[in-house]
Structures are given as C-alpha cells and as structure tokens.
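The letters A, B and C name the chains in turn, as written, and every chain counts its residues from 1.
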Amino acid sequence: MSTPLLSAQNVSIYYGDKQAVRDVNLTVQRGTVNALIGPSGCGKTTFLRAINRMHDLTPGARVTGRIVLDGEDVYGPGVDPVTMRRRVGMVFQKPNPFPTMSVFDNVVSGLKLAGVRDRARLMDVAERSLRGAALWDEVKDRLKTPATGLSGGQQQRLCIARALAVEPELLLMDEPTSALDPASTARIEDLMTGLKQVTTILIVTHNMHQAARVSDTTSFFLNGDLVEHGATDQVFTSPRDERTEAYVTGRFG
Amino acid sequence: MNEPVRPRPLTRAPLSARSDRTFQGLILALASVIVLVFVLSVYQLGRESWPALREFGLSFYTERTWNPVSGQFGAAQMLIGTLVTSLAALVLSVPLAVASALFVAEYAPKWLANPVGYLIELLAAVPSVVYGLWALFVIAPILGRWQQGFFADPANVALYTRCQDLWNSGQTTLQCFFVPSAFDGRGLALAIIILTVMILPYTASVARDVIRLVPADQREAMYALGATKWEVISRAILPYARAGILGGVILALGRALGETLAVAMVIGDSQEIIKSLWGGASTMASVIANQFGDAQERLHRSSVVALGLGLFFLSVAVNFLARVVIARLTPKGIQ
Amino acid sequence: MTAQSTPLSGRPRPRLSAARRLRNLLMGVLIALSTVVVVAPLLLIFFYLLREGLGAMNLEFFTRTPAPEGETGGGLLNAILGSLQMLAMASVLGVGVGVAGGIFLAEYPRHPLMPTVRMLSDVLAGIPAIVMGLVAYGLIVLQFGFSGLAGAVALGFLMIPIVVRTTEEVLKLVPVTVREAGLSLGLPQWLVILRIVLPAAAGGIITGVMLALARVAGEAAPLLFTAFGNPLVNLDPTKPMSALPLEIYRGATSAYDENQRLAKAGALLLILIIFATSLLARRASRRR
C-alpha cells in the first residue's frame, strides 16, 4: 500500500473548553470513498471541517494533533490555509450555490475569481466538472441562467461540480444528500463511484444504506471518539465493537 | 480527466492568506474613521466649549441666566426646555403610536395595513424644516386665532392682566401657566405639538416591529381561553411587547432631544424662565441654531458649543439607556 | 337525577358579557381613530404643500436663483445644485466608510476592535445633526471658512452610522455556508467578501444608502454653520453653498412673501424627492 493521502494522528478538537473530538487516528487511501457515520452530535462535522482548516474561522475552536495531507501537515508552520483549502474540496449539507452567479460562473468560480481569464480553458473545465457531477446534460443549454433557478438536487450536483473544478485531491462531503429527495440522492450516490477516478472522498452520512452502498471504508464516531474504522463490509457485517453493531443494526442513534 | 493526483506545494502560492491581511488592514483603516469621527467630535466640542466651562464651571448646566449682553451664560433654562418639550411630546405620542402600531399589526387587513405602514414610514422621512414650515404657516395661525378668541372675553383679559404682573415678577401659578402670553401661536405649546407629530412615526414603527415579534402562541393561548381581541391585546400582547416598546420610546426620546429646526422655528426663542405653556421658550438645540451664527463674543460662542457638548452627552446617555432597557427586559429568545 | 347524567348539550352556553363586548368594541374604535390621527399630519402637510407650492414650481423655479429681497420671481437653482453636489460628496464619505464599517462588523466579528466600532457607530447614530454641524464647523470652517465641502462632511458623518447598520444587517443575511463554500474553493477571504458576499447583499446595501441619502437630504441644521448658504449658483466646493433645506429654512422664517412662496415650493420638491427615494428603496428591499 502506498502512503495514505490523508492521515489524522491524535486529533482532538475543542470548542472553547468543550472537547468535541477526542484523539482520533484515521488514514484515508487515494482513490477511495470513506464514510463517517455516527449519531447526531458525535463530532463528524467537526472532524471533517478540521481537515480543510474551516475551524480557523470559528471563534474558540482549536485543533490539536497532526493532520497530514499527502505528506504535509496542514497545520504546520508556514502552511497557508488558503492554498491548502484549494487542494481539498467541500460539499455541504444544503446546496449553497453562489446566489448572484450563473450556472457557468458558479462552476468555474474557484478558477475565475482566482484570476484565470482564459475562456477556452474555463469552458473546458466547466464541461468536464459538470459531466463529472452528472449535470452537464441537464444544464448545458442554460449555463448563463442563474444558479438559484436549478432544482435542489441539481444545485447540489452543481456544488459538487464547483468543488471538482479546482481538481481537489480530497473531497469532503457533509451529508450531501440529506436535504434531497430519493431520486436526487440516488443520482449523487451513483456519482461517487465515478468520482473515485479523479479524487478521494470522505463523506459524512446518516444513511446506513448509503454508507454501505458507496463507501470502501467506514468510520464510526460516538461522543467524539472514533470507535471503529475499517473496510465497509467488515464494519457492517462483523463489527468488532458492540456499540458499532448496535448502531449499524439500528438499535440506537 | 484522469490525471494522476500530483502533489502540489502547500506554501507560497499567488492567492495566499497574506493578501487577506492587506484587505483587512484596508477595511480596518476605513472602519477606524468611525472611531476617529467620535474622537474628533468629543475633542472639537470640548475644545470649543472650554472657555465657557472654564469661566462658569459645571454650574454652566445648572445656572439659569443666559444673557449675551451681560456675558452671563447658564444652560439650565434650555436644559429644562429640552426636557419639557421632549417628555411632553413623548407622553402625548406614545399612546397614539402604540395604538397605530396595534392597528397595523393586529386590526387592519393586509390591504390596509401595508399602505398605513408606508404612510408612517414616509412621516418619519419628512425633514425637520418641512415640519417647521408647516407648523409656522398652518398650526401657528390656528393657535393664534384661539389665543385672540381667548381675549375676546373681558374676564379673561382681567385674568391676563393679573398673570402678567406675576410673570413680570418672574413667577407663575398653575392657572396662569395655561393663560396665553402671546398672540401669534408660537411658543412652547406649538413646539410640543410639532415634536409630538415628529416622533410619532419612530415610536409607531418600533412598536409595530415589536408587536409583530410577539409569538403567535401567546395570542392563541389567550384566544383559546375565550378572550376578546382587546383582552388578548391588553393581557398577552402588550405585556410581552412592553420592553421593546419602552426601548423604542427611549430611542424616540433621544431623537426628540436633538430635534432642532422645527422646534427652533416655532418655540419663540426666549431664554427666560418658562411662565406659560403658550409663551416663548428654548431648547439646547434651538439655541444652537438660533444663536451660533450670530454669536460674536468668544464667551457667547463657546457657551453655545457647550450646549452642543451637553446635548452630545445627553444623547449618548439616552442611547445607552435604551439599549440597556432593551437588553434587560427583552424576553429571552427574541433578539 | 344524578350529577353525572348532565348531558353535554344541556350545559349553559358561556356568553360574552355586554360590558366586555362593549369595551372590546370601544377600544377597537379608539385604536382606529388614533391611527387616523397619526397619519393625518402626513396628508395635511402633503396637500398643503401641493396647494401652496405647486403653483410656484415653474420653469423659473428650476432655472433661476432667488430674486433679491423685496423683488418677485426667481427660483432655487442655487439650492438644487448645491444639494446635489453636497449629497454626492457626502456619499463618498458615507458610503466608503459606512460600507467598510459594515463589512468590518459583519465579517471580522473576532477582531478586538469590533465591539468598539459597533458601539461608537451606534452612538454616532444617536447624535443630533446640529451637533455634527458644530463638529464640522470646528474641524473645517474655523480654518477654511464656510464651504460646500464642510457641509458635505457634516452630512457624510450623519450617513456613516446608517450605512454601517444596514450593510452589517444585510451582510449577515448571506448564509455562512456561502462564505464557507468560497473558502473551501481555496479563495482568500477578501475575494469571498468582495466577489461573492457583497454582490449577494448589494440590493440591501443600495437600499440602505438610499435611505441614508433620503435622511440627510432634508437636513438643514448641520448646514447652517458649514455650507452656510449662497444666493448664487456655486459649483466650487470650497465656497459657501446653498441647499434646499437651507433655503426652506431661510424662506420660511423670512418676512417676505416671495421668499415664503419659494420655501413652500422648495419644501414640496424636497419631500417629493425624499418620498420617491424612500419608496424606491423600500421596493428594492422588498424584491429581494
């Protein structure tokens, strides 16, 4: 096995005095889909947001331990959080397209706002990303219309395309389908397998079936602890920890 | 699309967090102008009013004589004029404002509530000079006619003569306080009337916003008990909205204290002791407007600025009070 | 007959007593009447100015300066141009500082200076306009004499807190996740603010600026000892300048009929402009 893309070492996260994530160790291999599951409030979002340093902007939030992305500590001295975030994409729980921009401008916003002017290149990136997010056929004739005019499911795929456009090495997804109807959810789940070709995915989900269907590994969080981490088949069929078993079989949470 | 994932350096890129610091510096510099304006205001007002405050000390604000000819300056009379006009206007406007807020929020159907809301907002946008002009040309003649009618009765003339003797000796009685001392309608009463009209829309729109924030379940709980509309209002809505309305009232007081031109145009600009509701008076703001331009004497000018300084601190204090009241008394859960 | 056998339908119906019913009705009527009293002045003022001022609003009104005292005719061109110039200059100060202040409060809540700026902005909002006139007098007029620029500075000071407040409010309406989406793309915060958040809030900010303009356009008090007034058309901001509210004030307190007539026409023009601006601003904020 090659060096992992991401490795979290003794990561603890605090909000003020309150510890939300405790001493988590976790590795993520390239080109895989990895699910984070656990009951509400157990620290999944908190952990996810530590990876792209989103907590830098939360008052009182503090991260200890090491998070190493492709050999480099993302909290290391001299690491520029802005540059670092460019390598890590994020898709949020609710679709959040930029409200004043067209579909096209949304997709290429990461490049365009950073100064890329080359129309041909932007067009190329937009098409590739939209195809990657399985949205191209639905929007190719309305690229110039406002993004807020799309349906919720389309908006979420647009947000995925927007994240893909900057070619992230790692894509963080925080319950990306929880605000969507079953059809849109199915489309996005279908996407994941294809996305493995271009990036690595870390996805938070409350949906056991979703975790079982799309992910290669699964990590179970409980009260800020990483209780169990392993291949998805193993976690779901023969969990090592009884709390994991209770959770995946729906006996609590 | 299937490019190999290539490592990229984490540091030193064109779009770094360093550019953020530049932008934040720029925003901070511009925002600091707000601090600067405040500091400069205090400094300017303090510097300009220093001669008067050095001459009279803090008793400047408690001394009643204001006489540019003899060079004696005390602001007490204007302080009283300011407080009397503002508080009287407040007392008159609050019931009306709350009633109109209740009408808009609770009684009126939407097709009526919206236009009435518009009108109240426009009322708040009418400039002070325009209110002053209207008061001068429309209300003052009406009051003047009433005052002249008052003297048509010989008994009233006798009363007036008696009161005038009192007034001349610097005194008044409750009866004389209500006897007209002028014939042109201008004076304290007109100032209070126009000030009332001017602060009505502020109180009304704050009250409306607060009443709209009262949760529906508070109303419904009362209705469910079989209460009439007025009982719901008086027992559920008003108690709940009280703090917010009080905060709005104090903010309106802040506005009334500093209202200048409308008052200056109609109050009759007298710095003597207030002897009649209908007589001339002055407020701190009206004296600044009426006298600063003509004040040649250094001490006179400095005294006028000292009025401004007093007004400055008075408004700051009232604003703080309003915010404390709102923060203290607002039921938890509504911001 | 036992107690439990009372049929439900046989219970006495509760009735609203006549007194409660009357009081309810009475209060309703009182509340409606009070509302009439509250809005009546607006209609009275408006129709008074229409009656008295509309006739004086002719071509001459817009193209001439006031006639010398005692003569007839003339217009308020000096005041109209003066108001426009001073409002334009005040906007530079009010919008520049106000929008930046709003950005500072909304986007940098953790900055140690944030509470100070927020508090002082609130304090400035409550300071009477005439006091701001005294401040601008001390800052500028004492050294450079009366000027349109001094008037504009006073008006700009008054605009700042209004613009700060609305800017902060509308920026906070933009969801946090929109900002986070921008940051997660590797955009620096300033680009996220300038290119994503500000455009999303632009409608509300424009509304706030228009309301601030409508508010200061009617202020005469801070101009008394700054812009001072000028009977002639003046396009030089370093010289004394007239403004509509100033002419209204001088005209209304003047003994000459002709000046009073111009004041009424000026007042009509002023409130028409202010009403139009307020309504437009309100419509713009509605559409969002």
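List of remarks:
Convention: a contact is a pair of C-beta atoms (placed from the backbone, for glycine too) under 8 Å apart; a residue touches a chain by one contact, two chains touch by 3 or more.
Just so we're clear, the structure is a prediction, and the values are computed from it rather than from any experiment.
Using CA-based centroids throughout, the chain positioned farthest away from chain C is A. Ranked by number of C-beta pairs in contact, the top chain pair is B-C.
Central chain by Cα centroid: C, whose mean Cα position is closest to the mean of all protein Cα atoms. Rounded to whole angstrom, the centroid-to-centroid distance between chain B and chain C, based on C-alpha atoms, equals 15 Å. Centroids of chain A and chain B (each the mean of its C-alpha atoms) stand 54 Å apart.
Look at where the CA atoms of chain A average out and do the same for chain C: the two points lie 46 Å apart.
Chain B has residues 15-17, 20 in contact with two or more other chains.
Residue positions of chain C touching 2 or more other chains, listed in rising order: 186-189, 191.
With touch defined as above, residues shared between interfaces to two or more other chains in chain A number as follows: 82-84, 86-87, 114.
For chain A in complex with chain C, the touching residues are 52, 54, 57, 59, 82-90, 92-94, 96, 98-101, 109-110, 113-114, 159, 162-163, 166, 172. Per the touch definition, chain B reaches chain C in the complex via residues 15-17, 19-20, 22-24, 26-28, 30-35, 37-38, 40-41, 44-45, 47-48, 95-97, 99-100, 102-104, 107-108, 116, 118-123, 125-134, 136-138, 197, 200-201, 204, 226, 228-231, 233, 251, 254, 257-261, 265, 285, 288-289, 292-293, 305, 308, 311-312, 315-316, 318-319, 323. Within the complex, the chain C residues that touch chain A are 109-110, 174-175, 177-178, 180-189, 191, 195-196, 199-200, 202. Residues 14, 16, 20-21, 23-24, 27-28, 30-32, 34-35, 37-39, 41-45, 48-49, 52, 96-97, 100-101, 103-105, 107-108, 111, 113, 116-117, 120-132, 134-135, 137-139, 157, 160-161, 164, 186-191, 193-194, 214-215, 217-221, 224-225, 245, 248-249, 252-253, 260, 263-264, 267, 270-271, 274-275, 278-279, 282 of chain C are the ones touching chain B in the complex.
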